[in-house]
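What follows is a set of structures to go through.
The same chain A turns up in both complexes below, where it pairs with chain B and then with chain C.
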Partner chain A sequence: MTSSVVVTGLGVASPNGLGIQDYWAATVGGKSGIGRITRFDPSSYPAKLAGEVPGFVAEDLLPSRLLPQTDRVTRLALVAADWALADAGITPAELPEFDMGVVTASAAGGFEFGQGELQALWSKGSQYVSAYQSFAWFYAVNSGQISIRNGMKGPSGVVVSDQAGGLDAVAQARRQIRKGTSLIVSGAIDASVCPWGWVAQLASDRLSTSEEPTRAYLPFDREAAGYVPGEGGAILIMEDAEAARARGARIYGEVSGYGSTIDPKAGSGRPPGLRKAIELALADAGVAPGDVDVVFADAAADPELDRQEAEALNAVFGTRGVAVTAPKTMTGRLYSGAAPLDLAAAFLAIKDGVIPPTVHIDPAAEYDLDLVLGEPRTAEVRTALVVARGYGGFNSAVVVRAAA
Partner chain B sequence: MATTFTLEDLKRILLEAAGADEGVDLDGDILDTEFEVLGYESLALLETGGRIEREYGISLDDDALTDATTPRALIDVVNAQLSSASAA
Partner chain C sequence: MTTPRRVVITGMEVLAPGGIGTKNFWSLLSEGRTATRGITFFDPTPFRSRVAAEIDFDPYEHGLSPQEVRRMDRAGQFAVVASRGAVADSGLELAGLDPYRVGVTVGSAVGATMGLDEEYRVVSDGGRLDLVDHEYAAPHLYNHLVPSSFAAEVAWAVGAEGPSTVVSTGCTSGIDSVGYAVELIREGSADVMIAGSSDAPISPITMACFDAIKATTNRYDEPETASRPFDNSRNGFVLGEGTAFFVLEELESAVKRGAHIYAEIAGYATRSNAYHMTGLRPDGAEMAEAIRVALDEARMNGDEIDYINAHGSGTKQNDRHETAAVKRILGDHAYRTPMSSIKSMVGHSLGAIGSIEIAASALAMEYNVVPPTANLHTPDPECDLDYVPLTARDRKTDAVLSVGSGFGGFQSAVVLARPERKLA
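Here is the complex of A and B:
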């Protein structure tokens, strides 16, 4: 019998709310955080909207020692980790350092920091490049800094698989806990709303060029024409269930199942891998499709990708067979941060008996999904599925359940 | 061009380069306190050394920088470079 792995703490930095209370109130209330970019002047770029995390003042939340060596993405991750640990009632200094690890995901690393150092290099010379550039840009930097700040020396790492990475990291954290580490800090934060990061994102050709915040990111809508990127995500405290119960922890729920696939090469004639990833996750959790109360969709807002997702969901759950929602319509797509934020929403939906809505969209009838639209839906939620797809063909799915 | 490098100069550059550890008082008697005890690891000192080089127009030897484990030792290294630069 493999041991059960549970989530006991959440730390959230979302474009529609900083901190778990603000985020959840905004999300249930249908409040969007998408707007014109303020972190740089976007007027010369084809895409001008983003979901930016509001009101984050790193200087008030982190020691001065960490500021010269961290990008915004790492500052958000460190603070979210602090909040998640506090939410879980964990004081890391009181626990054995090798019993705690950190596994996060990243799609970009510290782009804004890196941009500044590259500008210094080319405009002034190599002696003007910060020594901290050696790691501040790097994908693994959030895991490393969380580990150092909290004295966590157990198994640690980073997963890079675009938007699917947030679930892949949680799966890796679950493996490490099953191998004997009692606590892993997981989840992900991504943030690269800066010119260099923006051009890298534009290269995918999947960004929406609409300038109207309520019309720019419309998954499952006939007018779907790309997505709005955002910054942020969620950090999760994951623990061995028995250890968590032994210390009397409040338990949000269990990470019950995981599945991941890679799409076949284009033109191969084989079907996309999303359905299989969902089926693998359900089988791993030991739950039937009919047991799932809500699906947090990937919601690519690309007509072909939306069709594939709708087909996969209808194939597994039956036509309009399960409630589907995409609260990321309020935040934009957060890359690695998106799925951990959806996991946080799933646990809060379980806790409060309410499914947050999908906003702004008028769903195309042919997708035949039971989308939760405009208003939150009251429902007993015991089991939820979170789906995430990454650029390059990554498909991942995680099943979470209410604590037994 | 400044010709002497003081503890005040070092403290200012340390703060810009790497901030200050909570619980460390840089205004205390730190001249002979090891950088490690003050909370500055090798990378923080590398960044500090780089900023001193830029500001004072000197070049600090890597070994000299590594061997200077206290503020007094680092200040001496910098001043030795400054005086040899002005003598040259």
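Here is the complex of A and C:
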């Protein structure tokens, strides 16, 4: 019998709210954080909207010595980890150091930091490159910095599977807890809202070029024409259930099931792997489709990818067989940060008995999904499914449940 | 309680400096030759360190198509070539398996650095533009932005549709990628994993960032002997590139199909020093803990280890750190156990080297030969173990410990053993 793994703390940095309270109030209230980019002048680019985390002042929240060596993505992650630990009532210094680890996902590392150093290299010369470049930009930076700040010496790791990575990290964290580590800090924060990151994202040809924040990111809508990227995500404190109960922790819920696949190469004639990933996650959790109260959709806002997701959900749950929502319509797609933020939303939905809405869309009838539109829906939520897909065909799914 | 599933290596392929293909790689190691040289990929004169271990690699010779070459960074090309080679070496017919039971892990510390460096130079017009110009971007730049593209390419190349990801834990990525894959097979999430790692970091931005912290050696007047782990004269590592991939299978099914088994991945663990992004405490306590847990998982005692494949990067702090770590766990047995660094010959390929070193460890078991530490003439007095200087050594090798240490504080250890051994 493998032990149960629960989430006891959440730290959120989202375009529609910094911190759990602001995020959840905005999300239930249908308040979007998508707007015209302010971090650089986007006028020369075909896509001009993003979900930027508002009001984040790293100088107020982190020691000054950390600032020159960290990208925005790492500052957000360090602060979100601090908040998640506080939310869980954990003081790391009081716990055995080898009994705590950090497993995060990343998509692009500290890309803005990297742009600055590449510019120093090519415009001025190699001797102008920062002594921090060797680690400030790379994918492992958030796990490394969180482990150092909190004295966590247990098993740590980093996965990169584009937008699916946030769920893969949570699954890897669960694996480590099942192998005997009491606590893992997991989740992900991503941010590459800088010109260099923007140009690289534009190359995917999947960004929306709409300039109207309420009409730009429209998953499952007949007018779906790409997504709006964002920055942020969530950090989760995951613990062995018995250890959490023994210390009297408040438990948001259990990470009960996980499944992951990758789509076959285009032209192979084989079906995409999303349905299989969902079925694996349900089987792993030991729940039937009918037990699932809500699905947090990947919501790519690409007509073909939307169709694939709707088909997978309808194949598993039956036509309009489950409530489906995409609160990421209020944040944009946060890469590896997206699914951990959806997990946070799922736990808050379980706690408050309310499903946050999908905003701005007029769903195409042929998808036949029971989308929660415009207004939050009151519902008892005991079991939720979070779905995430990454560029290149990554499919991951996680089932979470209310604490037993 | 059921017996946990055990995981074995049944196929491998290595592309390393001085040795493309497993056979050439092993020749280089067993003959103690070095593949470090003055950098040829770009003009190294502005840099403090001007030496590297480069591969003479023509992707077309290895079966990649022009479009594959266009859309993949060099590290991605390495990964695809090596993963195909590993599958061929295993004799496994993947087409006969449920593709959802076959997964992929690719370790990489710095992803598509080479491609990103080149593309940045263009879109910024040599660093001139703050608002870089998207009209000059390569069509596949997104694949460079997010290096999970490597895992997707490998999955497509071999026909895997199971759990697939990139593992990116700096310089331990190559061990951690294999460790991640082993855990997936053990827990039953996959039956076969195509696991390995790849990095191709030899580009101006990488040279510059290691120059800035003097992590790489400046011994460019003697490039062939520039990588000198454990030697008193060493003063930094030599950057390398490369890849190694494995076919990992569950033991019983490998035996049933009569596969050649190189070794069992008997134990694996990773721990963090929670100390510094680039610095190491001299006591090696966290690497020691990783070794202890890996041995425990393998159900082995330290004195059963016949060979230690060192991280051996050739920085003073590393060489002392891991010497201390090994002594903490192996005690007196540490002094009786050969411990060598192949980075003396093939350089330090960051996230790839951990897998390349697992390949070297498996080959040491295959041939009962321990590769040497090249360029080791006068050991650092604080490094007093048997580092196998200069020449390979015949030695019955049934169990190997390989360790890695990396930026971010990651410390990893893996134990390879013969599956037919008696379990304690």
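The working rule: the second predicted complex is superposed on the first by the 404 of 404 C-alpha atoms of A that agree within 3 Å, B and C clash if a C-alpha of one lies under 4 Å from a C-alpha of the other, contacts with A are read in each partner's own complex, and residues count from 1 in each chain.
Basically, contacts are C-beta pairs under 8 Å (C-beta built on N, C-alpha and C of every residue); 3 or more make two chains touch, one makes a residue touch a chain.
Given the structure is predicted, the values throughout are model-derived calculations rather than measurements.
In the superposition on chain A, A:S64 makes contact with chain B only, while chain C stays out of contact range. Applying the stated contact rule after C-alpha superposition, one finds that A:S192 touches chain C and leaves chain B untouched.
Comparing chain C and chain B on the residues of chain A they touch gives the larger count to C.
Residue contacts after overlaying the shared chain place A:T261 against chain C, while chain B stays out of touching range. When both complexes are overlaid on chain A, the residue A:S130 reaches chain B and chain C alike. Chain A residues 69, 127, 130-131, 134 lie at the interface with chain B in one structure and with chain C in the other.
Residue ranges of chain C in contact with chain A, taken from their complex: 46-47, 99-100, 103-104, 108-111, 116-117, 119-121, 123-124, 126-128, 130-134, 137-149, 151-152, 155-156, 159-170, 173, 176, 180, 183, 187, 189, 204-205, 207-213, 215, 269-278, 286, 289, 406-410.
On the chain A side of its complex with chain B, the touching residues are 63-69, 127-128, 130-132, 134. The part of chain B that touches chain A in the complex is made up of residues 15-22, 39, 43-44, 46-47, 50, 53-54. Here chain A touches chain C in the complex through residues 40-41, 44-46, 69, 97-98, 101-102, 106-109, 111, 114-115, 117-127, 129-131, 133-135, 138-141, 143-145, 147-148, 150-162, 164-165, 168, 172, 175, 179, 192, 195-204, 260-265, 268, 270, 273, 276, 280, 335, 390-394, going by the rule given at the top.
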